[in-house]
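Heads up, the next two complexes both have chain A, just with different partners, chain B and then chain C.
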Partner chain A sequence: MTTKEKLRQANDYKYAGNISFHTKNYTQAMEQYSKAIICDPTNPVYFTNRALCHYLCKELELTEVDCTRAIELLRDCGFDADTNPQTTSEVPAAQKPLMSSLLKAQFYLGMSLFGQERWRAAIKHLKAAYPLCRHFNDPKLMVIIDSVRICERQLSQEVYERETHERAQLHTLLMGLLNKKFRASCELKRELHCSEEYDSLKAKYESNVASLTDIFSQVNEKKKKEHFGDPNALEDAPDYLIDPISLDIFRDPVITRTGQTYERAWLLEHLATSKTDPMTRGPLYASDLVPNIAIRNAAEAFLKKNMNPAP
Partner chain B sequence: MDICKRRLMKELSTAEKGLPSGLTLVSANDLTSWYIDITVDSNSLYQGQIYRLMFMYSPNYPMKVPNVQFVPDENRPIPIHPHIYANGHICLDILGDGWTPVQNTVSVCLSIQSMLAGNHTNERPPDNDSYVRSAPKYAQDSRFIYHDDSV
Partner chain C sequence: MAARRLIRELAAFSADPNPALALLEPTSSSNLFQWRAVLRGPAAPSPYEGGLWEIIISIPESYPLSPPTMKFKTKIVHPNIHLETGEVCLDVLKSQWSPAWTISSACTAVQAMLSDPEPDSPLNVDAANLLRCGEFSGYNALIHYYIITYGLSEKEAC
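Presenting the complex of A and B:
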């Protein structure tokens, strides 16, 4: 078989796979994509398609393998994982399928890592998928925002739990030392026959224990705020940092031609059913939207100050 | 979708801090259905009477309009209004095609309040009897025609 014939056959297998995929027969689709990969192991699209089947069958490790391979192949084609979002709009039309493939590879890799609770790696790949989703106005944007937030929270939680445990150990150690010192002093006083000082020694000891406990509980409270943010602080966020659709603080705000600002993902969700500006009810298209960088920076600064999402 | 729950939680925490005058939060069961008592300022047909509104939110809220209607109770009648049917269904554009996701529970209440306050016609809609006979359970499933904005 010539190379050309092989490529054609691979493509035929892919189409057969797509048909099975659309009838939700993922195992069958997977087999077809595997045959396509045997004929042409250099096409990243076959890998991302098979990855999606694996993902939908909850085979997270296999999803990871296929996505990683697709990303490698795409890198060989000049599509780096770090493709700058600002330059993606200049990508020639012929390369769009490869970009779309990169989006899927990064996204499903991120999601499979998320499913495996590998939070840090998941954040990296989901964040790499974000600018690509933005370029295609892909509704996966919302999943990314939510998942990244969960990952960051989990990471923060892990660090918090580890540190809390260490502090608890230190607390126990110090309590032991205080107690040891108290008992030694009592012993000494008894030997010197001044047992009437026992009460004052005991009072001193108890006040030390109370102070120490108080200090540790203050530190715990402070650390909790650092890791999980002050829930009240977010409610105090100024209105101009709040998306009018989700009532949540802005992450990726966009501005319309009439000057309204919305969270990109939620506005796109609304535009999917109604091409109108929710505030003015005038016509509005996804192509009209531009990032509102000033508000994004302000929201980031606010979050950094009050939330500290990732350690 | 997550956004629905998060948004309703935000709306609820704001509502619990205090609602505009004439509105009282009665209950907000598992976030997805709320009951709000509503009164209208003096100098209107509805002076001194309390009415009860029911809000039901679908998982697509706020992209999709919530179902909002008056529900009768012992001392909570259905207000008489040319845009309110005897079964509690309300013909109001923002509760249909006029809904946009920047509206919220309180803004809907305020619209209904001003719709009542501005009315001087002590009548049911002209097609009340025929509508009520064949109306679906939820007002949301009706296709109203918003022909008259002057009332």
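Presenting the complex of A and C:
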């Protein structure tokens, strides 16, 4: 078979795979994409398509393998994780499928890592998928925002648990030392026949133990706040940092022609059903939206100061 | 998103209550998607002054991109409220909904609707007819009768 025939054959397998995919027969679709990959192992689209099948069948490790391969192939075509779609808004039509493929590869890689509880790596790839989703006005924006938030929280939790464990060990050690010292003094007093001082020694020992426990519980409380943020902070957030649709702090705010600011993901979701500005009811299109960088920076600063900072 | 937003709305309502409402809360602690409100009648000259009605609010998963559904549990006479089912015909709860509304602000809209009926699209034809024929004393008396007979007392409202 010539190379050209092989490529055509691979494309035919992909179409067969797509048909199976749309009838939700993922195992069959996977087989077709695998055949396409054998004919043409350089096309990232076949890998991302198969990755999606793996993902939907909850085969997270295999999703990861296929997405990683797709990202490598895309990098060879000049598309890497740093491709910034804002500067490539005029991408040639021929490159759109590759960009869309990069979006899927980054997103499903991120989600498969998320499912495997590999939070740090998941954040990296989900964040790489975000600007691509924005470019395509893809509704996965919402999933990314929520998942990244969960990852950050989990990471913070892991650090908190490790540190709490270390502190508990230190606490036990210090308690042991106090106890040892107390026993030794008792022994000494007994030898010197002044056992009546035992009560005062015991009182001193008990007050030391109580202070130590108190200090540790204060530190734990403080660390807890540092890691999980103050639950009341969000209520104290100024209104101008709150998205009027989700009532949540802004992450990626956009501004409309009339000057209203919304969270991009939720506004796009609203625009999918009604092409109106939620506040003014005037006509509004996704193409009219511009990022509101000042508010984004203010919201980021607020989150960093009051909530769990991203590690 | 819906659950998170509802928790925020609840917190915002307790921090800054809406004078149109005597009560606003989820019907049970296990289900955040059904709330109950007790609406106050608008002040005179509205014939609904002094009335208190319980409203059951059902919130879809897609809230706030889709509107909540409101039904009067307490019987009320109004051209745009069904006497038996309590169904409400109000544009902001249907085609004119916007995600910038909240449950509380939608209740304010229902209160405003009490004073400002739309007799041309009635759910209660009898009430609408009284209004269209200019039978105001009859209309007001009927409303008043239903408030006295079925309306909640302040004690029941809390």
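Keep this in mind: the second predicted complex is superposed on the first by the 308 of 311 C-alpha atoms of A that agree within 3 Å, B and C clash if a C-alpha of one lies under 4 Å from a C-alpha of the other, contacts with A are read in each partner's own complex, and residues count from 1 in each chain.
In this section, contacts are C-beta pairs under 8 Å (C-beta built on N, C-alpha and C of every residue); 3 or more make two chains touch, one makes a residue touch a chain.
All values reported here derive from a predicted model rather than from experimental measurement.
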Chain B and chain C placed together on chain A: clash or fit? clash
Query raised in the report: Does chain B (first) or chain C (second) touch A:T3, or do both, or does neither?
Result: neither
Practice item. Check whether A:T23 is in contact with chain B, with chain C, with both or with neither, and answer first, second, both or neither. Key: neither
Output check: A:S287 vs chain B and chain C. Expected answer is one of first, second, both, neither. What do you get?
neither
Message = For A:M279 in the superposed arrangement: first (chain B), second (chain C), both or neither?
response = both
Dual-contact residues of chain A, meaning touching chain B and chain C, are 142, 235, 244-248, 266, 269-270, 273, 276, 278-279, 281
Interface with chain A, chain C side, in the complex: residues 1, 4-5, 8-9, 11-12, 15, 64-65, 96, 98-100
The residues of chain B that touch chain A in their complex are 1-3, 6-7, 10-11, 13, 62-63, 98, 100-102, 104
Listed in rising order, chain A residues that touch chain C in their complex are 142, 234-235, 244-248, 266, 269-270, 273, 276, 278-279, 281
In the complex, chain A touches chain B at residues 142, 146, 235, 244-248, 266, 269-270, 273-274, 276, 278-279, 281
